[in-house]
């Protein structure tokens, strides 16, 4: 099989890219994300149609946030789009005339990193994506593991604090409430409110108030050594690393790959994550340690991974 | 391949059984467990030798507590025996002249249940064993998943309470401190000490003191409706079920199998575990629910599973 | 000193009552609560003026939610009214021509119960009020203990769960997030969503959805034996009782008084609170146990207490 | 009243000191602590007798670990001595012919600091003692507050982590498991085991193993900048400061005094405690903040405080 198309459905834009067997994106078409479910389906088809014009493509892979069924055909539930049991595969196949594979977007990104990024050469890899929330994917024995019903690898919602913070999922104490971009901002706001004298740089980057602090301010302030910003990253890393240690107890992979916007800060966040991971790894003195690697594909991982999953059929 | 031998290394005795392709144990030989590492190796060989006398067997599978390497040959670390990087496969093969597979005992038990017990017909199964501690095994795509280095499925040591109870592993807040036979006894003792007037049956079964309460007393008292004993099982079930919900978020199996001595109480403990599982299952209204099943093989699971793994090679 | 006036500032109405030395309310005047800070001050003066028309009164006591300074004159901060360093005592004194004492409303209610309700005869009493939130007051050596700066007894905001639920105060894991009317509703909604089949009565009392459940539904359903409602009260009681055990370690009072809307359910909630209190009381076998008593004055406690504090001067 | 004697019962020695009205110790007599309950009573009387030889003294104050009744006469329960309902006051009075006051040792130390140390000039003071465990005392309105039954101020046993570490008291998650000398050593050992390469100084001070680390090693290593030692103090300070914030919500004192062996490190530990206190203080922007002060009397506080309590009668 030659070229395939990967589709990434974002909150502001939908991107369809033509991808070759080496994971290279030959060209990309983007459209603004419509506000209605049907509009989004239309937009996906339009983007795919445009991408397919200049190339001969064999299949389409779509990465979608939410639960995707075990047939990789239906979006059972999407958190941000009003899709409930949406037969996305059938709808798009009918319109674009190509075989379609639908995949959870974090799974697609994990596959992208495994095939063409930080995971190359590993057979057993766990990817986590520290974006606004926390997602991820599981590769065991060179295969993406989706679970019996398609909804495995919902890492963000394992409970790490009993009776902990409320989560959008309805539960409490979910990992993504403590290790995600949203958590990072909360840490920074709480600390800046409590000790503003240690948050001069951070507060200066926003509107001067704790509430005005955004994720990009925390990153920029941390690079400049702002104590509150650095401490906020460290807190996030404590939770991220402890969670990876749990995943090591469960999956024992040879590598973890950490992606998502938060990981763009590189060693600023990966160093503390590795330290926390070692701190909490059970049996650390007896077992080989999994590597904790930075993702390499950035926000292309999902599109490239979806395209490759479509190629694999 | 025809008959194989499975070996189960217990704290008081070592059992070697001849097992056929259907998982039936044809005969079993047991010896008392010696106190020295070398003595245990000797005893394993002796038990295997006895078992092999009356049958033609093709291979031997040994289930051992602890970390077993990815080649299923070496016990890297055992919690109860002073084995460190013990080349058990080589030693036993040289002595008994049969191919040997070494496997973590909880993995072996999981495989036994998957092949011949409650897991028959499922492709993706997670087993947990509620014994003194909490162990388990992972079957995905009809294969036992051991991790890259052989030490996956250490369920008992995922952290469910930050800054929680000290665990023998050196960490804190491990699941097995809250969901295991040992936890059950702790719950019962604490409650009996605080409200002895609600623990009349329970205290009457032991020596009358909270410290004298043993696991079997809790089971017997719960069957007689002792409020403290029933409440102790319920507390254990709260933690067990919540942990299964986490495992569902991660693995999305079609079934969980709950084994180990605690599960011998059947619905007394499985009912509350199922209830807690549903309570904490993320996305419960959107996804198919994994079944929570009682193990069927009892304490034969490890021996039968080890024998079958040896058959598979 | 003879008669005094007590003022209770509620969310919907402001009540001023003429109270005698025995704590009896002779008459009450109420006005709707205005929406502006100045309007509320006006309304307080009006209500006091009306109450003072038919009786000779010597002083006025005002119970206000929020921080009241150590001079009992200024509302430093109020959570529901836009008062910041509001000199309420001076303003009202000037307008009504009577000596005024301002007191935190939960402190006033605690004093009321201590003087004329469940606390009569005790020298050392801790009151907690389980209303929408959780407040309380401290009586040691027959005196209300307000702290050096007037802001003691903020029971609702001690941290009972590290990294726990967000609280309106900006912190996390505050006791009132786990033991209050608001917590009760959250427990009921979560449980009804997870196991609707056990919440038939409860859901039937509202609009049929978990989100439609209100506090009064939980109370009514619990009285009818609805499992989810009963379990929700039990969960609240677990946290309330454990917190009382902490307060016993700190204050060692002879009695706890439990008031507020939640306590209107009587033994339905007090029984489980007592049980949890005993469960967590440190050194229970060695020490005399504080009584856990139901408040007796209902929502009159604050008004009566404020009037009496004014009498004491 | 002129001179009085204060008695401090330690694990290795019993000290009796003659103390004047200014809190100055004129002379001290010590004897080795006997191993039997009666032997200890004998030793107390002997030490008091010796101390009374050269001075005219009016009364004796004895500080004892454990629960002391509201009459300050009987040791209800002692954790380290086999005293149960021991009538210590009567026994010693009969033997030494002087009025005796028995007081909990942490209460006595708190009183000493309030009268002659860091608490001078404050009316409302909370003292915490970070020794092997965590104790303390409450002064409100210039009086020591002992609770109705004599067992108030058991700060070490408020629950700060639900389902947390087991405590010697039989409960779980007690504050002293997270903020005490014992906790400090645990933090250091855990961290040194996980990241020995960051604990070179610390490990070098002991026998080279994590288990060999003692409290004095952590202090010495922290002063030399050992990362693990510094981090261990910071962890202790996080819990200590958060607990002080809770005590501020409850008691609202003008000052906290931090004593005990851990506080000997001065700003190394007090600085982080203050930072954590501010981080968790509720309503920090609206209220006056209590000072967090270092104790001044060191291990003399208990003896001096007991002597002064005897003087007050």
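Labels for the chains are A, B, C and D, by order of writing; each one numbers its residues from 1.
Operating definition for what follows: a contact is a pair of C-beta atoms (placed from the backbone, for glycine too) under 8 Å apart; a residue touches a chain by one contact, two chains touch by 3 or more.
Owing to the predicted nature of the structure, the values given are computational and were not obtained by experimental measurement.
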{"item": "Chain copies touching (subunit A, subunit B) - same or different residues, decided at half shared", "value": "same"}
{"item": "Chain pair, C-D or B-C, that carries the greater number of C-beta contacts", "value": "C-D"}
{"item": "Reference subunit B; chain at largest CA-centroid distance", "value": "C"}
{"item": "Subunit B and subunit D: spacing of chain centres that average the CA atoms, whole Å", "value": "46"}
{"item": "Inter-centroid spacing, subunit D versus subunit C (mean Cα positions, whole Å)", "value": "34"}
{"item": "Between subunit C and subunit B, distance of the C-alpha-averaged centres to the nearest whole Å", "value": "50"}
{"item": "Residues of subunit D touching at least two other chains", "value": "161-163, 170, 190, 280"}
{"item": "Chain contact topology (line, ring, star, complete or other)", "value": "complete"}
{"item": "Complex contact set, residues of subunit A against subunit C", "value": "161-166, 170, 172-173, 178, 190, 193"}
{"item": "In the complex, subunit B residues that touch subunit A", "value": "67, 76-77, 122-124, 138, 140-141, 143, 145-155, 157-162, 169-171, 174, 242, 245-247, 249-254, 280, 282-283, 286-288, 290"}
{"item": "Subunit B - residues contacting subunit C, complex", "value": "162-163, 191, 194-195, 275, 278-281, 284"}
